[in-house]
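Both complexes below contain subunit A, partnered by subunit B and then by subunit C.
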Partner chain A sequence: MKHALTLRVGPAVFRVGSPWASPLDALARLYSGYPDASDEPADFTVRLRPLKPWRRHVRPSIFITGDHSLADAAPMALAHGLLAAEMGMNLQMALGWRRHLLLHAATVEKDGRALILSGESGSGKSTLAALLGERGWRLMGDEFALVDLAGGGLWPFPRLVSLKNAAIEAVRGVAGEGRLGPLMAATAKGDIRHLIPRPEHVAAMDRPAPPTLILFPRFGAEDSAARPVDPAECFVRLTQASTNYVALGEAGFRALTGLVSSVPAVAIDYASGAEGIAMVEALWDEAR
Partner chain B sequence: MSAVLLVSLLRDPSGAERLSGAEWTALIAAARAERLIGALAHRLAGMVVPPRVALILADARFDAETERRGALWEADRASAALAGLDVPVVLLKGTAYVAAGLSAGVGRSIGDLDILVPRGSLDAVEAAILAAGWEWVKPDPYDDAYYRRWMHELPPLIHRERDRMIDVHHSILPLTARRRPDVAAMLADAVTLEDGLAVLCPEDMLCHAAAHMLADGALEGGLRNLWDMHCLLGDYGEQPDWWAALEARGQRHGLGDVVARAARLTHHLYGTAVPERWRGLTLADRLFIARLLSRDGWGQERRWLLGQAFYIRSHLLRMPPTMLARHLWTKWRKGYRPVG
Partner chain C sequence: MQYRVEPGIAWLAHELGPMTLLYHRRSGITHMVSEPVPQILDALNATGPADAGAVARHLAAHFDLSAEGGIEAIVAARLEELAGLGLIRIGAA
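Right after this comes the complex of A and B.
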């Protein structure tokens, strides 16, 4: 691979390689505030390779692969190379990570305690986490919640926050332009820009926190509503939100039953970012 | 090529003490791509390695144990599905190694369940497997007809609840291949284990592994197949008369030259103790070795032209040229393209 970068996010080290310079340059710029991991053995290798040998130059098209890969992954335009690198790293975590139970969720921390926001793509969890991160909460991650298999604590995984469509403006309004990455227009998920987490949140990426509340946000509802979620439903929802629950076997079952039996959960519907923030903070004050 | 580093550490783990961070990364990528990370992790157990590497290797051992358990469960389910038939069910490849407790099963990655049954019982076995919840995965009628007429196995089936694949073999090489192993003898001499499952006798296990690697396919995963054989030869090589029995068995199956090449390659790459007559390398062996060692430190296959040559060879091994031409024409019209 002509161009390569090794970087660490929380407990995981990634080596990303590509025959093209541009995805790696963008990655290096946005991750410049992260710890230097160039001498570390990497947990995962990500390869951004041309779909076919000649597609390196003619209508360049990226195929995301690496230690772990999906045969039917959709190819991506070179202009979206930064997104491809991020997706490649997420793919390795989703399929290969075994040291924590992985939940598809955003996590934030306040006063040493953590909040889990679990939802599908489009639920608004990344946006809520990014906005909370700009108003006194510590952003721990917007993609994966890492649940300790022994102690049940949450470990940070503060990679770049992926902001889509209207969320870009909403976050830019409070975080400013300086920490935003380039605009990637018309990707499969719409327009995307990445937000670099605040430096103090990156610096705290090795500090875990115990989970205190689980929320299942849903953006775009007509009326706002909050409904308690009992442990059984929470368990089922989180098995569906986990990428490695099955692979972990008994350890995953223990971690997840431990989590849902000790931490309250609420499903919230909200119509706007401001309303979502207000609901999250009200529920948080109740839960403490 | 990092495949060289992988092979040298499987052969002698003490070299691990001198690796840099970048070398570890390259080694791990190559080992994962060759599906040898579990075997490597067991080989390096107890060695002093960097803390992060220790975690990666522990994860690999954990995954291998999960695969071992899953493979044995699939074998159990298949034997339950076929229990009423009074048909011998012989486990093949990875599942057989772990069921028999052989060193080739230590850390081995296991995907599908492979079983061997008598050809005459195939219809009954197929009906029982379908009744127990396995379903076809190749809906294409040409593929289905091709498998049934020419292949050594039924079209692949996947269990609808457990999402695991089973390959039901009635021979170990395609019926169109030049070589015709004596499958009746393999079934007759199979060894029944304590729990009722059966595996091939040791000589046949080796013949099958060698045939699978060298007389079928394009050497994909060849380093792993060769590691299996290295381990089998280590488990059985000390037994009296082993080598003469192996040679005789290979000849009986029409696989004498294939077994000999396998022995030469294991000796050359993994340092396996083999008889003197199997210690030299032929010119063609060197091409096999170049192909086997073509994985780089990013886990990618290099030596594209050599790979293509082995790909063409795999088809010529599998069927006569006129039949190959007809097959490729049919597949081409259906939009299938070999490699990109």
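Right after this comes the complex of A and C.
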């Protein structure tokens, strides 16, 4: 690969390579506040390849490959190269990470204890986590919760926060323009901008926290509602939210049963970001 | 029909309220079961290789069962399902 960059996010080191400079330049700018990982051995390699060699110059399209790849991944426009790099890093984690139980969830911390927000794309977990991160919470990550297989603690994975469509303005209003990446318009997921986590949250990316509350947010409901989720349902939901539960075998079973047996869970429906924040903070105060 | 549990620890059980999770070591599959399945597995563990009648008698000796006359049929059906899942084995040895 002509251009390459090594990045560390929490416990994972990525080497991202590409024949084009532009996606890596954008990535390097947004990750400039992260610790220097250039001498660290990479856990994963991400390659942003041209679809065909000649396509590097004519209507360039990026194809994501690496240590792990999806057979049916669609190519992306070079203008969305930053998004391709982020997706490539997520893909490596989702398919290859074995050192923690991985849950598709955002995590934030307050007073040394962590909140898990688990939901599918569109549930609003990234937006809630980004907004909470601007309100005195520590943003630990917006995409993956890393559950320690031995102790059950949560490890941060504070990659760039991926903001979509209306969430861009909502977060820009509180975080300002300076920590936002370039607008990538009309991607497969709509308009996307990335938010750089606050410097103090990046600096704390090696500091775990014990989980205290699990929330299953759902954005877009007409009426707000909160419903306790019993441990058995929580277990089923989190196996579905985990990318490596099956691969981890007995260690995954022990970690997940430990989590759902000791941490209360609530499903919340909310209609707006402000309402979601208010519900999260009220439930947090109850759980403490 | 005789059934038996495999020697050693074939599964890990974890109770979650009314449900019990069984992690089956051989397949790596997690099963979620409710009463009376954990009790049937415990009974089969206690009796050693046994048929549905013997397992039902063991359960009747330890629990206040109300399904008059139907216990053996229920136990037989559950044992067949558990064998189908690979959680227990068919045969005495």
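We adopt the following convention: the second predicted complex is superposed on the first by the 288 of 288 C-alpha atoms of A that agree within 3 Å, B and C clash if a C-alpha of one lies under 4 Å from a C-alpha of the other, contacts with A are read in each partner's own complex, and residues count from 1 in each chain.
We take it that a contact is a pair of C-beta atoms (placed from the backbone, for glycine too) under 8 Å apart; a residue touches a chain by one contact, two chains touch by 3 or more.
This is a predicted model, so every value here is computed, not measured.
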{"item": "Partner chain in contact with A:99 - subunit B first, subunit C second, else both or neither", "value": "first"}
{"item": "First, second, both or neither for A:67, with subunit B first and subunit C second", "value": "first"}
{"item": "Partner chain(s) touched by A:45 [first = subunit B, second = subunit C, both, neither]", "value": "first"}
{"item": "Partner chain in contact with A:15 - subunit B first, subunit C second, else both or neither", "value": "first"}
{"item": "Partner chain(s) touched by A:286 [first = subunit B, second = subunit C, both, neither]", "value": "neither"}
{"item": "First, second, both or neither for A:249, with subunit B first and subunit C second", "value": "both"}
{"item": "Subunit A residues touched - subunit C or subunit B, whichever exceeds", "value": "B"}
{"item": "Which superposed partner A:36 touches (first subunit B, second subunit C, both, neither)", "value": "neither"}
{"item": "Touched partner set for A:260, first subunit B, second subunit C, both or neither", "value": "second"}
{"item": "Those residues of subunit A which subunit B touches in one complex and subunit C touches in the other", "value": "249"}
{"item": "In the complex, subunit A residues that touch subunit B", "value": "1, 6, 13, 15, 17, 39-43, 45, 47, 49, 51-53, 66-67, 96, 98-99, 247, 249"}
{"item": "Subunit A residues within the subunit C interface of the complex", "value": "230-232, 235-236, 239, 246, 249-250, 253-254, 257, 260-261"}
{"item": "Contact set on subunit C toward subunit A in their complex", "value": "12, 14, 16-19, 21, 23, 25, 28, 30, 32"}
{"item": "Interface residues, subunit B side, partner subunit A - complex", "value": "20-22, 24-25, 28-29, 32-33, 50, 52-53, 55-56, 59, 62-63, 66, 298-300, 340"}
